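Each structure below is given as structure tokens.
You will see two complexes here that share chain A, one where it goes with chain B and one where it goes with chain C.
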Partner chain A sequence: MAIHQPSTLSEACALLATHNRGSDRDLAPSPLVPIAGGTDLYTHWPQRPDEHAKSYLDLSGIEELRAVRWRNDSLTLGALVTYWRLIQDRTCWSALPMLVQAARQVGAVQIQTRGTWAGNIANASPAADGVPVMMAYDAVVELVSSEGREEIPLADFYQGYKQMRMRPDQLIRSIRIPRRSFLFQRFEKVGSRNAQAITKVGVAIARSGAGWRVVANSVAPTVCRCPTIEALLDDKVTVRGPDDLATALSQDIAPIDDIRSTARYRRRVLARLLYFALRESCSAFE
Partner chain B sequence: MIEVTFTLNGSPTTVQVDDTERLLDTLRDRLALPGTKEGCGEGECGSCTVYVDGLPANACLIPTFQVKGRGVETVESLDPARLAPLHESGATQCGACTPGVALTALWILDQPELLKTHSLRELMAGNLCRCTGYNGIIEGIRKGLTEQAAREGRD
Partner chain C sequence: MKRFEGLEKLTGRTLFIDDLPLENCLWGATVRSPAARGTIRQVRVPNHLEGSGLVLVDHRDLPGPNVVSLITDDWPILAAETVRHRYEPVMLVAAESRAAARRAAAQIEVVVDPLPAALDFRQTPTAEQIQVGDDNVLKQLKIERGEVDEALAAAPIVVEGEYETGAQEHVYLEPQGMAAWLDGEVVVVHGSLQCPYYVESALTRALDLPAERVRVIQAATGGGFGGKEDFPSIVAIHAALLAIKAQRPIKLIYDRGEDMAATTKRHPAWIRHRTGLSEEGQILAHDIEVVLDGGAYVTLSPVVLSRGMIHAAGPYACDHVRIRGRAMMTNSVPFGAFRGFGAPQTLFAIERHMDVIAKQIGVDPVKLRRLNLLTDGQATATGQVIDDGTDRQQVLSRALDLSRFTYKRSQHTAFNAEHAYLRRGIGLACFFHGAGFTGSGERAMKSLLHVAGLADGRVEVLSASTEIGQGTTTIFTQIAADQLRLDPEQILIAQPDTWRVPDNGPTVASRTTMVVGRLIERACDNLRERVGLDAAATGTELQAALVAWHEEHPDEELLGSARYQQPPGIEWDDETYRGDAYSAYGWATYVAEVEVDLRTYTARVIDFVAVQEIGKVLNETLARGQIQGGVVQGIGWALLEECRWQEGGMANHQLTNYIIPTSDDVPSIRVAFLENPYPHGGQGAKGIGELPLDGPAPAIFNAVAAATGVDPRVLPLVPERLMELIEQ
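This part shows the complex of A and B:
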């Protein structure tokens, strides 16, 4: 194991260019694993000797990645911005409130002060709570490497379970979230308890001039948009109850049975979350 | 091994640690501060709560190399007199959660403005207690807040 602790982004990119470049990551001699807040990586750490043998790129000393920038038309989060940082940001409460709602449901304060939004994206868990709200807000991921920068819409970022459109020599530098006027927005999370729970099924819903966005977590190999549901909402199709959403939902999600829940429960609960959330704002919902 | 220099309970500290070491183990095994407890080891129970740059965090999820240049405070740094309201309300019992509860509780007492946006129960959600059922903890913090407000009113 070796620890690299760069203090600038360009140093970090140079290290990744040396250690992580190559056509196949497995061929690199000792690829560096980036670490930000560490809250996913370090769970049950003493019992994970395989992880101890790896080499790490500690991002926590790169101060330029801590910035939160509000502009008239967007919010940009540096890769080290934590959940707690946004919970403390009153502009966020009014401009992009689902970010605050989701952040408050990630673990508890002790996790919120360490865990980062970019880490939530890069950990690529289907149960991530930060990712659905960012995706519903049309967030864009900015990647950097020593070769330059690239922007990828978060909705296109995942290609399969833990598969990302990101090379091993790239880092997330920032996340840009457009500011819009929203006619409706809602984040719903169902877990075993109100606190310290990992999501069994969750959904973020937003409606703006850009149309409907419906993004679900824990119901597919990745956090995913639900385009069939979005089209049904755009077309104002009449919906008489949760069961009317089931066919459309089955096009969009692929839940499984696992330690936290079952596929059947997830389908039924997601349909109900959507129906009861949308009934308040959609005249087509009876 | 890696050398890490940071501020611990107000004093500059340099320590040689294993690359893979967690802050929790560095505090307990190398720096003779066993007040920070290990419970779940996965960031859920809050027994290992410390402050990093003034914010509560789980020492079981922090690589020691990450506290380089930061300020860390443990339960040993707390003023025992400030814990009186928690004692008086029988807040905790067996001792496993006590250090973490004390740290989060005093963090709230230091910034009561948090209660404009959060309930006490939400702020304390990261400290699990298996003895008392939480009411004594919440009552103790409320008592502390009330006494503190009264003192500030007098000043």
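This part shows the complex of A and C:
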């Protein structure tokens, strides 16, 4: 096992360029795996001896990645910003409260103090809790490599199960979240218990001048927006009960049976979470 | 008195077997079966592993018979020709590091020609699935009293019901682990275990050694719950075999995933009730069938079945009772001892059934129980006349008061009519739990205990009872100190070591404080007599006498002893299953209040009251801790914990997906005790360790039924299952 510990972003990008780029990759001893909090990477450490042989790029020495920057119109999170940082950030409570709500439901304190928002995105789990709230807020991912910078809306970032629009030589540098005034926002996480639970079904809902955003997790190969539901809300279609949402939902999600739950449960519960949440704010919901 | 080892454990300073240094040791790992059932065609050891200094052990290395000594000689130490469950041990390896041993074990391939596996204990096995006798039945038992068929035929009302409970994993905080080494001619095993003498007898048999050449020492043990009653024997034998072959010390420590995949669990059960009743709800006849999933080998299934059946009719009077039971062999991991030992399963069934009856005949569930609760002079299913002076109606009343049962019920009606998606309900369970070994078990065991008077005037308790987190050390100190009028600092509790302590039976069956505690009192009396003092002697007098005795008898040992004596009037017939099944019972009523979220179909326990009569409460903090811990484990079993089986193996064998409650999933648990000292228990105590696991599940299910109107009968009631019931 080799660990590289760069102290600047350009050093990190240079290392990635030599180890992880295109044709060189076959020559390189092994590609570098970035580590932020390590809470995803180390979970299976004892069971997966092959991971011990890999080479790692420890990001923790790159100070600039720790920044939390509030502007009038946006919040920018450096790639090393943890859940805990935002839980302690008063501005966040009022400006972007779903970030705090989601952060407080990630694992428990040990994980909240180490786990990062960027790690949550790059781990690309369909069950990630940070991703749906960021996506509902129209977050934009900033990628860097030795070749330059690139910005991708989080909603377009995933292309399939664990497939991202990010090359092996790129790093997430920051996440930018626009500040808006919201008419409604709600985050719901359903796990198999109240803490330390992987989400079985979850949803983040936001309504602003930009329209409705409904983002669900654990119901498709990636965290996903639900465009049919969003359109139904924008069009103020009358909804009489959870079942009225089912048809629209089935166009947006593709849940499966797995070790944690069933497709049937995920479908039904998502419809019910949406219905009871929206009933509070939409006159079209009866 | 405070718990002795509590602070050390809380602050992480206690050293468990994995933490203890072991000079020059090798690390062991286990190669396991990939199939539920089949013939072993080959064990492929890759070339690069052969001759790499790796130590390999298989069944051919066994000096003695290939069985783990328990009730029946069917459990192989290492599979030879066939395998009967996934993760069954086939070969052992030892290497210079833990990682190297695990890597090597992962590279060794067990090639199995599969055979048809029996995977559902509820189904009659097909001819190809038969592996035990001609029906795969591991054990069959019957309890019968009165004229059941006649009474059922004559009863104006008959209510039937079927109930099912799933497996449960112990999740002791410390996984299984043993160290083994050779001390000259002697095989020493040191590790995490509940019952040193069970391990000793399994080792002497497997290694074909006399008892003098085997020594078993308990290390600090991070929880057991029964999981370290039967299973440590096999880990100990494995570690010893490797140590003998390697001629080096061995550490064999399971990680969580291996532990959950390969070790025993609570028996799944299917229970059917047919109950004859009068119009008012008096129970006239019970016809009960109990079927347990025994798993691949017998382990302790016969005794689990028997305890389950004895509790199956609940704490109610009835003259006509028939309980038929069997444990079925299946090709899953062997099921074994787990806190409650069959009783939680059958008490779940009867207590859920009582609410089903109440609903069906339109009687209040509290009234139904009041009408049928045993009163002194009435008999249990085995014909045991209960006459202990406990006011069982009072136990129930206390629980109703503390939980404000009636008030809550009316409040819930209003709440449920108002709320868009939350539904609240309250439910109760009345139950009992027999303490100590079943039937003639204690008499047969003839437990022996010593207390040593030391030359410096202190006293040491020599007992094989283990501290596994439940407080044995503290309560033994308290009992000995009180009995001898000494300060607790003057009492030592010996580390359980088969070379130092006599066999006073295993640390199981809620027997330690009640049965062994009484032995300590009697051994203390005996010690005092040996130095010529009577019961009036003060501690100072005793200590002076101990010092004087040793001055007169240099280098001699001064022991006070006691051997188990059965309380008078106890009769048990093992053939007919009639008589006094237990010398004492704890009595309890638990009340659960739940809130069901109709958006997520999740049931959450929002309040819990546990009232019990357990003889004398010796140490309120410890007793309360036992009850609260048991209730938490019961909440987990009822609502969260589900073993997901795939081809006989547990698919969710990690803590990510096997869901135990966190502190955020349990409500405040209010505990109350009623005291009625039991004259034959240590300081008047009855057993309490297992009791608290019996009540939570049925109380919670009854509360969910009250909240939602559905009729849940299969445990655990995970949201996916509750959704199907609600949406029906």
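List of remarks:
As a working rule, the second predicted complex is superposed on the first by the 278 of 286 C-alpha atoms of A that agree within 3 Å, B and C clash if a C-alpha of one lies under 4 Å from a C-alpha of the other, contacts with A are read in each partner's own complex, and residues count from 1 in each chain.
Here is the rule we go by: a contact is a pair of C-beta atoms (placed from the backbone, for glycine too) under 8 Å apart; a residue touches a chain by one contact, two chains touch by 3 or more.
All of these numbers come straight from a predicted model, not from anything done at the bench.
Touch criterion not met for A:62: it reaches neither chain B nor chain C.
Contacts of A:260 after superposition on the shared chain: chain C is touched, whereas chain B is not. In the overlay built on the shared chain, the residue A:86 is in contact with neither chain B nor chain C.
Judged by the touch definition given at the top, the superposed model places A:104 against chain B, while chain C stays out of reach.
Of the two partner chains, neither chain B nor chain C is touched by A:172. Of the two partner chains, neither chain B nor chain C is touched by A:224. Using the contact criterion defined above for the overlaid structures, shared-chain residue A:268 touches chain C, although it does not reach chain B.
Look at A:5: by the touch rule set out above, it reaches chain B but stays clear of chain C.
Contacts of A:42 after superposition: chain B is touched, whereas chain C is not reached.
Once both structures are placed on chain A, chain A residues 43, 46-47, 52, 108, 194-196 are touched by chain B and, in the other complex, by chain C.
Chain C meets chain A in the complex at residues 99, 102-103, 106, 255, 257, 420-421, 598-602, 604, 640, 644, 651-652, 656-657, 659, 661-665, 718-720, 723, 727. The residues of chain A lying in touch with chain C in their complex are 43, 46-47, 49, 52, 108, 190, 192-198, 259-262, 264-265, 268-269, 272-273, 276, 279. Touching chain A in their complex are the following residues of chain B: 2, 19-20, 22, 41-44, 46, 49, 52, 55-58, 60-63, 65-66, 68-69, 104, 117, 122-123, 125-128.
Contact residues on chain A toward chain B in their complex (touch as defined above): 1-3, 5, 35, 38-39, 42-47, 52, 56, 58, 60-61, 84, 87, 104, 107-111, 113-114, 194-196.
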